[in-house]
Amino acid sequence: MKKKNKAELWIAFAAIALIYVAVAILEQTMDNNHIIFTVLKKGAIYSLVAVSMNLLNGFTGLFSLGQAGFMLIGAYTYSIFTMPTAVKLTESVYKYYEAAVKFDTGIFVGLICAGLAAALFAALIGLPVLRLKSDYLAIASLGFAEIIRAIFQWDVLGPVTNGANVMRNYLDLTDVKIPFTDIPFPPTLYVFLAAGVCIALIVLLINSSYGRAFKAIRDDEVAAEAMGINLFKHKEMSFVISSFFAGVSGALLAMYQYTVQAAQFKAAMTYELLLIVVIGGIGSISGSCIASFLYIAASEWWLRGLDMGKFLGIDAPNLFRSGFRRFVFSIIIMMIVLFFSRGLMGDREISFAGLIRRFNRRQTAGATKGGGIDG
Amino acid sequence: MKKLAAILLVLVLVVSTAACSAPAATTTDTAAADQSASGNPVVKVGVYEPASGDNGAGGKQETLGIEYANDVSPTVEINGTTYDVQLVKVDNESSNDKAASAASTLVSAGVSVVLGSYGSGVSIAASPTFEAAGIPCIGITCTNPQVTEGNTHYFRICFLDPFQGTVLANYAFSTLGVKTAYCLSKLGDDYSGGLVNYFVKAFEALGGTCVQDTFPDGNSDFTSYINNAKNSGAEVFFSPVSTEAAQLIIDQAESQSLGMPILAGDTWDSNVILQAAKGKNVDVTVTTFYPEGANAEFDSSFKEWVNADATRLANNGGDDTVAAVTAMGYDAYFFALEAMKKAGSIEPAAIMEALWSTTYTGVSGPIALDQVNGDAIRNTAYVKHCNNETGAWDALPPVTIG
Amino acid sequence: MAENVLRLENVTMQFGGVVAVNNLSLEVNKGEIVALIGPNGAGKTTAFNCVTGIYDPTNGMISFDGKTIVANHPRGKMKKLYAGENAKRYTGVRTVDPTPDQVTKLGIARTFQNIRLWKSMTVFDNVLTAKHMRARQNVFSATLRLTYQEEKRMREETAALLEEQNLLQYASDLAVSLPYGLQRRLEIARALATEPKLLLLDEPAAGMNPQETQELGEFIVQIKNKYQLTVFMIEHHMDLVMQFSDRIYVIDFGRLISHGTPAVVQADPKVINAYLGVSE
Amino acid sequence: MLDFLHANLSYILSGISVGGQYALIAIGYTMVYGILRLINFAHGDVFMCAGLMMVYLSTTLPMSVSIPLVLVLTVLLGFLIERAAYKPLRTAPRMSVMISAIGVSYLLQNAALYFTGGLAKVYPTIPWLSRTVTIWGSTTKMVTLVTPILTIVLVVLLSLLIKYTKVGMAMRAVSKDFETSRLMGIRINTVISVTFVIGSFLAAVGSMLYFTNYASVTPISGGMPGLKCFVAAVFGGIGSIPGAVIGAFIIGIAENIIKGGSSIFGFGGSGWTTFSDAFTFALLIIILVVKPTGLFGEKATDKA
């Protein structure tokens, strides 16, 4: 049994390595303005948030809807930290306020601080919120996300957050350099690496003793507590870690978008993420990743034609007008929710043994428990 | 039930396979200059405008101007070659967070130049995406200075908020003779926030005082703001917000009997406002880029074009009023063509270079750009007053500064 | 007198106006197998829940290994509502209200009346997860696999424990896919994985036939000796209780009505009345 | 005190008015939650759809026809949503149903976005309700006065219905114990449908009052009011109808006082309005932490 697991692991590593090589090659050979790079970058960022949300909702069984709030904290922390001091001192961004933060950091430090800031807020919010049960937790975390948004828009904090106005001119994806050189780092590959490392850490966590404790809490809180698992400590841990990665992904989103504004991080964003998690399968890391890329590709690329008058070569500007894409998209989502309520992957992970088994149509008893992992 | 489920399943499959085959269709479009039906090479012009959300109404009117111009002049001759001009339209949904992805759609469609957007916020938010792709943009009616400040790819053909704010402050202080103004802007909105800021600066410099307030996104209850204005002792209500909010403000101003004139910027120059204010006891004055009637020829031919098609008429708000933004959109299109001719190329980089020295005389007046930020040198704003009986604009004397 | 491991002193648990456990005092000595019996609804599981920290008793004290682990007196609304005895006795005592995991950490493990295994986990993971509490690691070292030796040790111990329970062959099956009897046994194995000194079994023989019950009894004695445990159980199967327990406590309507060796209890008319109803 | 009240009467009037409208929506949330333990995220969007129906119907039909028609259509919409999106998931985990609710909300918003073209629609004027009246020096619309009265009348009627009719008793039974009620032969599906019908009806009435006051309907018009009404329901104690009504009035009034904060209290400038929405959620979190069952909620018994 152990040997087979190891083989699976190596195949998974090889598959992931292959994906990275493919991304690197694609980026060097194709026109970088092609929409596919938008999909890849945004998809990777959404994968990270979806996985972090899955850690909380899928693996620990905490139905939290605060993800957008933590992304906001991450995005703002990152933009405040990495905006060059010279930019802060001129009027170009802080138009109506005098910037209070008078230092700047590099990208890496910025990303870490983004995660830490989100984690810190999560630790504070977790104290009251995590004692609540299911729906109440959902609605309270949603409420906290809204409060965070209001705080970041408050004009009293303007010298730090630029009030409700746009943050820009911080270090973005085009500012990433290959270490010790001045050569720009391929942006898509960078996003993939950053998100990949984070997701790998989450996978390691889930497969560790702590991950098992989280699952125990999800399956049966009373039994978990009776077996010596401190509920609050572990819930808080899961919440803080999930928020850390939500913060990092917020920072990555800020890097990708070039500009960031608090108004973006509404409840609708959390719903969108939740739908991604559900489409991928609650409790499946690979499902969340696949669903993120599909979701982004569909909304940004494949279905765009529905909005722009022309789809599949059919020219019908009166039918395919603005908004049709989202209408069709929401119907598809509704069908997935109703008819495939377990999502693409259920709570399983992609595994090659599983794929081969399915291919051979030989269903064995153990088929539901593939052991491989995939980024 | 099962049957229904099966049918739905098939439907999903069809849609998703359709979705999967769609990229083939879009990728063929991405080459920069392919052949059109007429056999001419094509130059793509991106239309980056909101068609939905807060600024949807204005965005549609601005787009109409561009479409009309495209109808009038569907080709352009560059260095002896005739190109068909193809408009690539994308809806930025008036939302800053949709800006980046809408912009990258245009970038990946291979446009040579981008026109828009109505609303400064989305322009600022999308600016870096266009910058990274090296595509020049021409702001049509986005008046916030930050759109063009500190960059070399964003240009603009209208006046700026510091100018507009000053005009409005002068109008309030000198013409209306008021000393206290209540200023309402939308939280996190660059346009209204910026204009209020410049208005306040100018108004206070004249010796007046201002009370400022903001409302959050999605707010539709303005009664408390109107009461705030009344209680603050203000004599004028300055709210240069989106037309969406404007409708509500006008409606609630009447029911709460605001009792003071309302002053606003270019966004309110819209038939949406006229329709909302018609027959109501409100006093609305706005500043704008172009007064209807300034160019009779343009007005009448545009009206004819709009009335010829029900969709156009709907996009223009249901009547054939000529909005200032429409005239500006019309001018922006020709300004872009002029730049292409000057550049002698459809390469974005060449057009960007040429834009600095492009000049053009449009229906809204002569356009030339300054050499600092690429802003139009304009010193005239038109002032209009809403006639509550006829539901039309009455022109007041235009204001020229400097 | 033998050293007592668990000691309940005037424990009263009142929900609103209902007194579920009334002034219960009992002792469990080291190395004993003690049974708590009583008719349905007598308050047995409630008493267990007071010990394991799921409930916070309204009044009374519980000590384990000579240390007070639970102490409470009527507070707040209960001050007025309290219908039990000895209300004033513990007012001076500092309130101790542990969470279940703290109790488990002290060395009290339990099973549940209605089996509560972790549904989505394999047999192996069910036991392995119970070892989490005593693992010497933190979240960083565990995630980054810095303490992989600890993990290895836990896995080896889990395998050994399963082997001993004859469950190793099912290690990679889902826990809930096991037959009922094995699920009970797995629950005991999981409790053992927390390295307890005192094992609380809530109706371990529920739903078993006489033969299985007999085997279970022998098994309990066997693990008791092997791990030097003390066992305190709730049980309805009188065969099991009479044959294997050293002492028995009988409660009815939350009150202790009898206690002593199986022979003594069996002969007590109060016990017979409680089970069969008073025949006056 | 009286002076203060007089000076700020207009804020309080707006608060009472919007509070009453919130109450009508909040009842829908609290009833559905009471019975299905489901946060019906789509309820706010049903409210928005009722507004849009009115906009479209009134262009061709007279008011006397469109008002009842809107009520009927909204009820139908609520009924259909329950049948299509919630009923198939009756045995699924609660989280799935909640996600389905989010999906329906997303669908309704996007459908509205497509059909309206993303533009705000002007709500028609309902003649009598839109009249301007002056009370004690404050001007307002007739609807401001009508709302609280109508709300209270409807709530009383609803309470009577729940207390004395057979279906009302069934509702109470189902909300106490879903499984046992089913075993006792109560037709669960009928009860649930009736709940949705009542909820949607009240939302439709609420939409008429709300949009008469704030006469523009956009696809996201239902979002914020929906969320606030849910908060009102939680605040009052979910499952409790008087609780939802009182919660809604408190939130409506408090929100308007905060919007007028700088004028009423004389300090803080425009900082107040930033928090007018956040305040609602702060209130929610405070009540959840201090008294998780809300003001009038019953304590849920949890089996260990």
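In this document, chain identifiers A, B, C and D correspond to the written order of the chains, with residue numbering beginning at 1 in each.
By definition in this document, a residue touches a chain if its C-beta (ideal position, glycine included) is under 8 Å from a C-beta of that chain, and two chains touch if they have at least 3 such contacts.
Everything quoted here is computed from the prediction, not taken from an experiment.
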| item | value |
| --- | --- |
| Intersection of the contact lists for chain B and chain D | A |
| Most distant chain from chain B, judged by the mean position of its C-alpha atoms | C |
| Chain closest to the assembly centre - both centres taken as Cα means | A |
| Centroid distance [mean C-alpha coordinates] between chain C and chain A, Å | 43 |
| Where chain A and chain B are represented by their mean Cα positions, the distance between them in whole Å | 33 |
| Computed distance of Cα centres, chain D from chain C, in Å | 48 |
| Approximate Å spacing (C-alpha centroids) for the pair chain B, chain C | 72 |
| Multi-chain contact residues (two or more partners), chain C | 54 |
| Residues of chain A engaged with two or more neighbouring chains | 150, 153, 155, 164, 222, 321-323 |
| Multi-partner residues of chain B (each touching 2 or more other chains) | 51-52, 91, 187, 214, 216 |
| Chain A-touching residues of chain C, taken from the complex the two chains share | 52, 54, 99-102, 104-105, 109-110, 112, 116-122, 125, 128-135, 137, 139, 142-145, 151, 154, 172, 174, 190-191, 193-194 |
| Sites on chain D touched by chain B in the complex | 7, 10-11, 14, 18, 113, 117-120, 122, 130, 132, 139-141, 213-216, 218, 220-221, 223-224, 256, 259-260, 262-263, 269-270, 273-274, 276-277 |
| Chain D-facing residues of chain A, complex | 57, 63, 128-129, 131-132, 134-136, 138-140, 142-144, 146-147, 149-151, 153-156, 164, 222, 267-268, 271, 274-275, 278, 282, 321-324, 326-327, 329-331, 333-334, 337-338, 341 |
| Chain A residues touching chain C - in the complex, by the definition given at the top | 1, 201, 204-205, 208-210, 212-213, 215-216, 218-220, 222-232, 237, 241, 283, 347, 366, 369 |
| Chain A-touching residues of chain D, taken from the complex the two chains share | 33, 37, 39, 84-85, 88-89, 92, 94-96, 98-100, 102-107, 109-111, 113-114, 117-118, 223, 227, 230-231, 234, 269-271, 274-275, 277-278, 280-282, 284-285, 288-289, 292, 304 |
